[in-house]
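Below are the structure tokens for one structure; questions will follow.
Each chain carries a letter (A, B, C and D) given by its place in the written order, and its residues are counted from 1.
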């Protein structure tokens, strides 16, 4: 485990420790040696660190032939290309990079992509605690792009919207033609609602995450699957 | 009834007609004479017309000593002062002007005002059909101002919000310190949700209006009450 | 169209009439001759009649070699076997029998089936207008059975529930191990919510239907598809 | 604090400790002496114990002239009469007994009572974690009784409900003419939704409690107020 003393790291260590079929062989954080992982003969490294160190960690693991599950954020297209380059030289190594390990969140995104072609309108409302610094959330951005692609593939026209008199920001921000609204309030944790509308009906898909523990089944699934999947896997969806 | 052939006018005529204690004595629309109303000895005129004719209608009714219930929009402070001026000369006449005749909507606003002082955060999400031209809705703007006043009176500080990295519009528009998010989608009619948050809990008040018929109990209530209330009454709340 | 003067029949006639690629050739209701349909050389018959006449209608259409789309309710396993028997003698004829033609409702059921294996708990809350005579709704029953089968196939254990002190009915009714709660209230039309829960997270799928018009895209889809699908097709899902 | 080692007790001790204007003078649990409280000159005792000991605790506190805030459940009418009897002999002592200390929950109940007379239909859906043993929850029962009284006072007739074909329990349990539906699922904490319906509109009031910490502002409010309110106060509502 890299980032073992972070909030997610502590949860992952606990979850791996409790899983009968997995062994926690090394806990590494800032100031520790990465070689602790290879010395312990780790088969899989889990990385919940920070965007500034995650690329070095990944390069080192791939070099050592260790599979990696990454929950750290900040993966641009350029970074993903870089990872693919490293993996080309080590085709037997598996890497899973996921923006969200909640199985509910992954299903929500899958359903959104599936429903996108059948409805005239779709908007995203994401709701988070007020300490969050970015708006919209990464999950909302990812969902909007999936919907954009699905609508484009189905040849859906732009959504109906007669708004001519808008106060700045009232209609949210637009990503790939999809409006996203970011709510921030005390008491909230992490929630997202996707509203689909057609004549006379709406379909709503909502995910509520109350606790970091909800990500653990997804992390464990990724650990178990990464050893069977050489190359780069993006998101948890292909593992479900 | 003024505006008797409009969509709301038709509903109001039907509702009055079905009410055992009320008589529909005159239906007036564009091209008809207002004197039809006075000739029929109307005690109350209901006006669902348009902003460009409503002031003339009001002046005429007050002059004739007829009570008025107004659902037409576009009442600025200047217009309200004008109405008060006319009423000063006819103190026995009652006028009710309301932005929303849905009893559920009126209760929603009352509850929002009441809850505002007990929660750290509050945001408004209003959802309407995609033919609506203004965002936010008039009801959302009115709700935000009620909340602003209640928080100010209770000495509440600004809401917590750590957002530093916002895509334009993601956090909605701000009215009196309250964020409003306007969703527009096919299948929707008229909906509003007010989310209150404090440590560990949220309180949500939601109003869904599916049908113009939902405004009729409020219109009938105003008709019955306006004859007992000389002077200007704003909104349905004082009648409940 | 059989049942052309019923509430659904009127909507279907209007929708077919407005569809550029379809012709409405015969409108049949109680007291009319079925031969009107064959005389008009109908390629597809749509049946929104009643459980007591639908079987006769179906037998006649299949005999005549006319494809059928059925929205009438009351299809037991025995009835379905009977239809299969008739179709065995006319293998070129297509029959689509669907409990719900709302595309949103069909997607809701598909998603429920897909999500069922990933969550410890799932309950159904269906909400309808107070004139509805049956509780739970047919859609809720169908959803519960899909979830039951998916959980069984995935080897999921019974849901956690420590309730020992229950007032009669508080926990709803149970169908295939899935609890269903039926809400009836003025103002409602037809709504269903499926709540999935696992440690620290919930996933909610909700369908709101405000208008019979929402079923028309599904009926038109079935009309267009039934001519390409000989034999019996159950539900709209295979056509999506 | 009585019940100081229970889950609520631990939270209350922490909250009192952090409040600048309150002192935590004694922590008492099973096996400890109540006299610890009087020896420490406690002005207010907070009781989160169990139904089998709370009456003895109350009698002792009232005898000693110590004000009491009670969050323990199980107060029947007979028990409340008993408490009033003890207080008659000590008119200067204040006792607050509340079924729910969440300010959001208290407002929810107040709003429910207020809205009850304006709608034809109202149903309660409460949702809790699957370790809860009773269904419905105490808060739902209390809400139903408030609604029943408000409807009776307003002369509202029975709610419309055409159900003739009900699977056992589908329509929930009935308390004072109000249907309550109890949902239990992993991932949930404590939630309640009250749905009001009239022709063409619904009003929904929903409270979500994610954390025991949400009850602390209500407990602190009760501690500060009980010293100013001799006699018995039921619920938090009179203190808001």
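In this text, a contact is a pair of C-beta atoms (placed from the backbone, for glycine too) under 8 Å apart; a residue touches a chain by one contact, two chains touch by 3 or more.
Everything numeric here is computed off the predicted structure, so don't read it as measured data.
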Find the chain most remote from chain B, comparing centres computed as mean CA coordinates. A
Between C-D and B-C, flag the pair that has more C-beta pairs in contact. C-D
Pick the pair from B-D, A-D or A-B whose contact list overlaps the A-C contact list by over half. B-D
Find the geometric centre of each of chain B and chain C from their Cα atoms only, then give the gap between the two centres in Å, rounded to an integer. 40
Where chain C and chain D are represented by their mean Cα positions, the distance between them in whole Å: 43
So which bits of chain A are touching at least two other chains? 119, 187, 196, 198-202, 208, 210, 214
Could you please specify the touching residues of chain B with respect to chain D in the complex? 102-105, 107-108, 110-111, 114-115, 118-119, 196, 198-217, 240
Interface residues, chain A side, partner chain B - complex: 119-123, 125, 127, 130-136, 159-175, 179-188, 195-202
Applying the document's contact rule, which stretches of chain D touch chain A when the two form their complex? 187, 189, 208, 210, 214
